[in-house]
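Next, two complexes with subunit A in common: one pairs it with subunit B, the other with subunit C.
And then the complex of A and B:
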């Protein structure tokens, strides 16, 4: 049942660019990108219980490494993959010390690392400093460029979602979820929590850095305070919360809702769009704290329980 | 290291110390990482600006008003927005306070635009001489006021009934409840005192530096470092953290260049987190 809907959705999004204008293609591309980021935050926070607030550093690493390697005349795909490899290396090196911290402290330490990394990028020559750097121009008509990135981000979103689906439902995924439930208990059950945490962070860094590389190529110009902006992560967290943390389709649905709303806020209330976004966030946290998916599954479960109680009562009456 | 540099570092550190204390109290005692803290500081600056523009009242006087106003804003925000979100855990409080920041930032942008503003008080450019070095007058007054306020906050926390209640809930919540301390009220007052200090810091900031909505990010980065250096919820620890950050930034700016000072502060924070998570001066924290 579910898989049918997902296949239908994928087919619709594959043929959609033929029927809509460039403006909507752009919005959808941004939605797909945010879905990828939100999915990575979901893996870390929704499933493992570690909130990587400074996770955007891998987005920045992906974008900058891709730019630097492409200036060395590497083709885009190769540059992007090498960039994601470097993000994995960074995540492993940083992960071993930082993932010992829990709760607030982990979130803050990642913010600090992101800030420090951004300052480094702003101050060394190879990255172009605070002025930013450019990507090679794509020699294609604009329409084709738009649909190129549309399909690239669509594919990345689908791959990320499926990959995380299989990861969290594997044996390794149970280890991840046991860390959220109770890390000390997981440790004493014989799960190597340190390795599990670092590998999970590396997976999240992989997809985030690929999204970063694609984003940089899409924008064709990047600056440090843009690709290391914490706004990316706060938006992704809001999306995860709205869609439902710890559910596989939650981040995707959240990305659709939040991007549509913020686009509406931009065009409708140009001067108050930040406040509108803030107020909507507060309302959502108060009224749908389980997220869209969480609330729906809860409703379905309640109805099933109610139905089973009713049938039981009927059976007893007879 | 010249005397002038030491003086600059101390004057900067005094303001940082005051700035960090409110944030540290909110985080350490109420358990809220208040991402709207930077916006509250800048709001304090703008409140002083509007009072200066309309009534020509000195920011060193209007800081009392911005402290009072921010106390009320903090109390309302805690009561109606933040407290209900606490049960959702760290993700919810972070997002809620970030949303609050967006609203305040938007308000500032709407009323005053994104331009940098300054308050030009008549004695702004004056210096006095101290052992061959120059001490800017406004910075010196700022430093004095910051010191006095830190001492008053200390007195409030140690000697008043409410302050003792706040100490009690931060040490042992259940024990405090058992002897009849209203924990929710204490958290609320503590949070509001934190935002009031933010507002006063904003007014002081406005006498020395220029300000705009961009300053929000600068401030939030600094207060994280100060609070973590000093140990959460610890007044004198945060004061020492602010002083230390003032010295590190002044030295970093002189020896390495002004661009690097942010990276040095942040790297210091990450190292402290890894090796001394309860801060340089902090005791083991009871509120976890």
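And then the complex of A and C:
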């Protein structure tokens, strides 16, 4: 049932660019990109309980490394893959010390690292400093360029979602979820919590950096305060919360809801859209902490348990 | 069944201080394969601290813990769990946000060695141990929705799913009513027979400890004050004193004469 809907949705989004204008293609592309980021935050926070506030650093690393390597005349795909490799290396090197911290301390430490990295990028020559850097121009008509990135981000969103789906439902996924549930208990059950956390962060860094590389190429110009902007992560967290933290489709649904609402609020209220989103977030956290998907699955599970109790009672009466 | 020549766990003069408090002070004991050892003592005697030291949850100040010939006292908890030495928690540590079945599944997926890699095999183990502890009907409940006795059962099932050789059971019967205690005692005995488990059993319910232990170790103020069969321990003046005070101990000894 579920899989049918997902296949239908994928087919619709595949043929959709033929029927809509460039404006809507750009909005959908941004939604797909945010879904990827939100999915990575979901893996770290929704499933593992570690909120990486400064996770945008991998987005920046992806964008900058891709730009620098492409200036060295590497084709985009190769540059992007090498960039994501460097993001993985950074996540592992930073992960071992910083993932010892728990809760807010971890979140704050990652913000600090992101700030440090941004300052470095702003002050060295190879990145173009604070003025930013450019990507090679794509020699295609604009319409084609837009649909090129539309399909790239759509594919990335689908791959990320499926990859995380398989990860969290595997043996390794149970280790990830145990860490969120009770890290000490997980450790005493034979789970190497340190390695699990570092590997999970590396996976999140991989997909985030690919999104960063694609974003840079899409924008064709990047500046440090843009691709290291914490707003990317704030938005992704809001999307995850609205869609449902710790559910596989939550971040995707959340990205659609938030981007649609903020597009609508943008044209309606201009600078009030942040306030609107803030209020929505507070309402969600207080009244529907499971988000859209979490609330639905909870209802389904409760119904299942109620039915099983009912059938047991009936069996005892007989 | 008890292999007297096979000392599986050898605790040598282990100590742990919290500031000036000597929570565990040079305690030594040996556990033979297949034994059930009762670990008793008044509140604050250091029973749980010893468990924490053996399973790596706490770092020792001095001493050694030898498990099957290797010193495990500087290993991490997960490494110790992987070689088959594990424990339940007095204050239950369920994995929140998961169902009862998933909790036990984690134990079966990890635990000793990396025996079970695929989920379907792990689920079979889970089914067996949950039937054994009588929790199968509640497998789809979230851990936040079940009672404390059920959580204790769940912890026991989770430990069994880890396929250990030595288990420290830290007050698995607390909060159970008398008939449940009876059931639980039978279960512990049955599990020992079926799985050739070695059990170190921490409990305040004397009936249970006396009923199932082969040997009993008594702790008081972090020191081992007595070790022997249930009968020996029951008649030991130091034990009576620790539990009932000096004055009462004298009267008991007089009455016994």
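Here, the second predicted complex is superposed on the first by the 299 of 318 C-alpha atoms of A that agree within 3 Å, B and C clash if a C-alpha of one lies under 4 Å from a C-alpha of the other, contacts with A are read in each partner's own complex, and residues count from 1 in each chain.
Everything below uses one rule, namely that a contact is a pair of C-beta atoms (placed from the backbone, for glycine too) under 8 Å apart; a residue touches a chain by one contact, two chains touch by 3 or more.
Because the structure is a prediction, the values reported are computed rather than measured.
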item	value
Partner chain(s) touched by A:78 [first = subunit B, second = subunit C, both, neither]	neither
Partner chain(s) touched by A:189 [first = subunit B, second = subunit C, both, neither]	second
Which of subunit B and subunit C A:11 touches, first, second, both or neither	neither
Contacts of A:93 with subunit B and subunit C, given as first, second, both or neither	neither
Touching partner for A:300 - first (subunit B), second (subunit C), both, neither	neither
First (subunit B), second (subunit C), both or neither touched by A:122	first
Partner chain(s) touched by A:278 [first = subunit B, second = subunit C, both, neither]	first
Which partner reaches more residues of subunit A (counting touched residues only), subunit B or subunit C	B
Doubly contacted subunit A residues - partners subunit C and subunit B	none
Touching residues on subunit A, where the partner in the complex is subunit B	45, 51, 53, 97-98, 100-101, 103-105, 107-109, 111-113, 115-116, 119-120, 122-123, 234, 237-238, 241, 245, 271-275, 277-279, 281-282, 285-286, 289
Contact footprint of subunit A on subunit C as seen in their complex	55-57, 76-78, 81-82, 86-87, 89, 93-98, 102, 105-107, 109-112, 117-119, 122, 137, 140-142, 145, 158, 162
In the complex with subunit A, residue positions of subunit B that touch it	27, 33, 81, 84-85, 88, 90-92, 94-96, 98-103, 105-107, 109-110, 221, 224-225, 228, 257, 259-260, 262-263, 266-267, 269-270, 273-274, 277
Sites on subunit A touched by subunit C in the complex	170-171, 174-175, 177-178, 180-182, 184-193, 246, 301, 304-305, 308, 312
